[in-house]
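Listed next: structures, encoded as structure tokens.
Both complexes below contain subunit A, partnered by subunit B and then by subunit C.
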Partner chain A sequence: MNQYTFSGTAKTVTIGAMIVGVVSMLLTWFVGADDLQSRFWSNFLHNSTFFLGISMMAFFFIAVCITAYAGWASVFKRVWEAMSANMLVGFIFMLVIALTTYFHWNHLYHWADAAAVAEDPILNGKKSFLNPNWYLFGTIIIVGTWVVFGRKMRSLSLDEDEDQGHDFAKHRSMRIWSAVFLPIMGFSSAAMIWQWLMSVDAHWYSTLYAWHAAVSWFVAMICLTILLLIYLKSKGLYKEVTNEHMHDLGKFLFAFSIFWTYMWFSQFMLIWYANIGEETTYFLLRREEYPILFYANLAVNFLIPFFVLMRNDTKRKLGSLAFVSLLVFIGHWLDFFLMIKPGVKITRDDHGHMAAHGEEVVHGAAEHGIHESVASSFEVGYTIPGLLELGTMIGFLGLFFFVTLTALSKAPLIAKNDPYLDESLHHHT
Partner chain B sequence: MAHQDKEVIYGLYDDETDLLKAVKEAKDQHLEIMDVYSPFPVHGLDPILGLAESRLHIAGFVYGAIGTLTAFLGMTWIFTKDWPIIFGGKPYWSVPAFIPITFELTVLFSCVGMVITFYIVSGLGPGVTNDYLDDRITDDKFCIAFDMSEVDGAAAKSFLSDTGADVNQKII
Partner chain C sequence: MSGHVSPIRPPLVTGNKTYHQITEDLISPTERVPSKAWILGLILSVSVFSFGAFCILWTIWNGIGTWDLNRTINWGWDITNFVWWIGIGHAGTLISAILLIFRQKWRTGVNRAAEAMTIFAVMCAGLFPLIHMGRIWLAMFIFPYPNTRGPLWVNFNSPLLWDVFAISTYFTVSLLFWYTGLVPDFASVRDRAKGLRKKIYNFLSFGWTGSAKHWQRWEYLSLILAGIATPLVLSVHTIVSFDFATSVIPGWHTTIFPPYFVAGAIFSGFAMVLTLMIITRKILGLEDYITIEHVESMNKVILVTGTIVGVAYLTELFIAWYSGYVYEQFAFFNRAAGPYWWSYFGMMFCNVLSPQLFWKKSWRRNIWLTFFMSIFINIGMWFERFVIIATTLARDYLPSSWSYYSPTWVEIGIFVGTMGLFFTLYLIFCRVAPVVAVAEIKAILKTSGNQYVGPDAQHQHPKDVKVESEPNHTSI
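Then we have the complex of A and B:
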């Protein structure tokens, strides 16, 4: 069987998950206590960026494989092509966020407040990058570029199926598109991560942040790939995807979990060692007010994959792979939660503070957030993910799989004219 | 090491696919293979020969764990008991600062330990000469060897020549 049909339980479950997501988002909107709707918007931002990044990484990995002459994954590259179809969905969601930021219908970003920027020398200095115009324009241009590349690669891959001869013209063309995409992705993803995610802590910056977030995306992408392949295999499809391929995906999960930890720790240790107030505030806040998430993040995203997947046989067994993938996927979702929510909470509290007292906000960066927010501390939806956050995530996940499986059902599961297919079928680790 | 002379009959193949086919064939004919030699690791050979998974990585894990403990406990002792110094206003026992060195020593112990273990287990080392059947099995030939005391010599010889090997005999 070389064709997946998207129907029955899979369709019901993904649509059900999407309904759960919509209901959760509506509830968040109406239950949300503050008039800024920061909980709604930060959930939206959190999941949009997370799943857009995952789909972009799926496409990135196809491009890496083609450029590096890596053939082992050719047999299931349609899965990644299908996942990268989500870039268009992510583009639309990010457009919503960019537009609402532009018209100031949300208050996710401190720098989006023109009055605050004018009084604040730090934000004033960052104005040329952190401003609503570039946020909107950059998002459209950069994510638009990703979408164009993704669709081009997909159409080349589908055309390749129709090829009669063996001149590999389509593959040569794909090679050029991939090689062009890699540097574009390398620089543009960092810029997007800075403006979408890092700028929620508008005073703070870290050069390793973009790496850390991008690796989070990558690991989550590998997790979803493993889970999706296991699902498809359970339906009797992809018999050609053997334990050897799963072993290699397990290795990627293992290795990139360690790489993620390397990034996370490098960022932490440099800031801890230098001990500059305006940098340490980021970790101080997270360690003081988010201790469970802060340490659970390391445990789930490092210790579990490291010790479970260290052995040869756990990477070859679908059970242990699925278990680790699921946990690590949730772990990276929590990592994004921890990146976004504290900053959004401070921005919201400051805004409320300003409105209540009509005070000018004076920010020494070091005291920014710490003194004021210690008093306000625990709040479901900001300090820990509540049911509405989980519901929203389930909705986005449902949509992600709905789009992925729809795209997957539109083409044969195996790209029969891929020049590396034979190598992939005989893959042996 | 006590050395016992063995009479060995062996065949040289030009290609690893011929070698794989021949090994499968020998298994089917229940010929007891003494050993297989190749210039590089041949994919799929281990399961056909029925070789157990190497235990070298378990040794590697143990060495790594020793490295972790050595580094971490060593630094703990040095910086809290033996010679406490304040660096940059940090506490004596600053765990984040220990982690890079702990990582390095884990890798070092694990790697060096595995190399030494591998050399000992394989009987390799500086100044050691090992017997080998043919020069070209370190270059471009693939070899299946039978111990004459374990198999019927005529059967082995006909098997090797039937599967396309260049047949030789040697006492090692």
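Then we have the complex of A and C:
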């Protein structure tokens, strides 16, 4: 079978998951304790950026493989093509965030508050980057570019299936599109990550932040690829995807989990070592107020893949691969939680504080982790993911798989005219 | 085995080579009388190195005062050269370990020479911290061992000490890796030799017989060393970057330094590999083994790493502005518009802009342009380290202590001398060992030889084996 049909249980489960997500989001909205709905919006931002990044990374990896003459994965490259169809979904979600920020219907970002910016010399200095206009237009231009590249690549790949001769003209054209995409992605992903994620902590900055977040996306993408392939194999599809391919995906998961840790450590250690108050506040807050997530992040995203996947055989067995992929996927979702929620919480608390006391509060004090009124307060949805966060994630994941499987069912599973297909079918590690 | 190579992969060994011809081509340079060019090169390199050695002695005898360092700029050419050489020493292990893991077959053409270059570059690099100590006779103080000096222990919190460990580990593993690869090749040299030469090479090849057991153990050792070497490629320059980034000096303290230094190191390492290989392939007539495809692949690596470095430069610049931290902002303003503006622009031009030429395929395959660019990048990467070190130090927090620094003849002499050392060692290496890994080229011949793959292949295989495990694909 070279064709996937999306029906039956798969459809029911993904739609069910989406319903769970919608219900969770509605509940979040209606049980929301504050009138800013920060819990709802931060969940929305968390999952939108996370899944948009994963789909962009799937496309990025296709581009990398083509540019690097890597042939081993071409047997299942349609899976990545299908995953990258989610860029359009992510684009729409980010547009929602950008528009609601533009119209001040959410309060995720401290810098979006013009009154606060006027008071604050540091935020005032960042005004020409951190402002709702650029947030909106930057998102449209950059994510729009990703979507255009993704669709172009997909259509070239489908056209290639129709080719009769062996001149590989389509492949050459794909190579050009891929090569051009790489530097665009290199610059633009950083700009987006600063804007969407780092600016949640509007005062804080770190040059490595964007690379760390991007690697997080990449690892999560590999996890979902492994899980999806295992699912498709369980349905009797992709018999050509052998243990050899899974082994290589396992190696990528292993290697890039270490690479992620390298990024995490480089950022943490340098900030810890230099001990500059403006910088340490970020990690101090997370270590003191979020100790479980802070250490679980390292344990799940480093220790588990490192020790489980170190052996040869665990990378070749679907059970152990699925186990690690699932855990690490959740681990990176938690990493994003930890990147977003503390900043959002401070922004919300400051806003509440101002409203309650009718006076301006210097925001910087809160970001330095010494905000007296909120210190050590435990709050589901902010300091730890609750059921609603989980439900929202399940909803986004359901949508992600729904879109992926729909795209997958639109084309043959194997791109039969890919120039590396023969190599990939006979791949052995 | 040889049947499953993509039709768009170019051959990596040209000239319809047989196994015997490969042995002839690659080993005979070690058996011939050296050419005039080689002798001339050696004389030149040794002379330059001698002058460098004299400058080193001059420094040790008279003290660091013979350099133009001052209270404000206390790191200058010395540390710039140290980082520059360490960076160059990255390509060898990247090629031998990481490209091995990524199964890049083109690595076999260049890995031997690149690894040799790595070892020589690390030796040159290691000189600088030693001389910079001033009292080189106290160099053993860097080793942590129980002692009667107080006891005076090393400072384990200092990244400079981590450097000692990182670089010595890197040197050891690189050397082992290189030598492991050489063992079967030394045996091939021995098998063709007579008399004393045979005895020497027999000793060097540890009595290698080529039995299946030997190969099995050799493969095993190579795999383990590749596993150890892979994190080392990242760790060495990461820790070198910590020398700067753990400080609180604006322009040095930035979290992107570790991966950005590693990318820059690979960038400069490949540039140096190209500089050497373009000369070597010409002089030794190795165009069939180090083909234009190899050159093109390396130029692609240069383009990628050059652009990564470009992303990092712009990230630093942007975040300096974004930080709202005036000292950080000034550090970058000073780099671009301060007294050393020319080195900043040299760096940007050589490292980020000029490699963009390699977007054009015919330019990636142009030997002269590649050679010219490789020199250019070596200069650019030297400027990068100079920008980071001297430019940043020249303008510190206190304007009354601002200063300007230019090297004395001693500092220039030592730098030029290390180049002499580097080329002396490389020239000797070319004479005593096969410059291209003989056994590894033979291993890829049937999947990458031009008589097996590519447009001129004589041993064609049926192309239409698509989706062969598909039972009913006619129904699609």
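Heads up, the rule we're going with is that the second predicted complex is superposed on the first by the 417 of 429 C-alpha atoms of A that agree within 3 Å, B and C clash if a C-alpha of one lies under 4 Å from a C-alpha of the other, contacts with A are read in each partner's own complex, and residues count from 1 in each chain.
Heads up, the rule we're going with is that contacts are C-beta pairs under 8 Å (C-beta built on N, C-alpha and C of every residue); 3 or more make two chains touch, one makes a residue touch a chain.
Everything numeric in this text was worked out from a predicted model, so none of it was measured.
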Fit or clash - subunit C, subunit B, common subunit A: clash
Partner chain in contact with A:8 - subunit B first, subunit C second, else both or neither: neither
First, second, both or neither for A:319, with subunit B first and subunit C second: neither
Which superposed partner A:165 touches (first subunit B, second subunit C, both, neither): neither
Touching partner for A:207 - first (subunit B), second (subunit C), both, neither: second
Subunit B versus subunit C as contact partner of A:422, first or second or both or neither: second
Subunit A residues touched by each partner, larger count belonging to subunit B or subunit C: C
First (subunit B), second (subunit C), both or neither touched by A:278: second
Contact residues of subunit A, present in both the subunit B and the subunit C interface: 269, 273
Sites on subunit A touched by subunit B in the complex: 265, 268-269, 272-273, 275, 310, 312, 428
Subunit B - residues contacting subunit A, complex: 43-44, 53, 57, 61, 88-90, 96-97, 99-100
Interface residues, subunit A side, partner subunit C - complex: 1-3, 67, 69-71, 121-123, 125-126, 129, 166, 168, 171, 179, 182-183, 186-187, 190, 194, 203, 205-211, 239-240, 251, 258, 262-263, 266-267, 269-271, 273-274, 276, 278, 412, 414, 416-417, 419-423, 425-426
In the complex, subunit C residues that touch subunit A: 3-9, 101-102, 231, 234, 238, 242, 245-248, 253-259, 300, 304, 307-308, 311-312, 314-316, 319, 322-325, 359, 463, 465-470, 472-473, 476
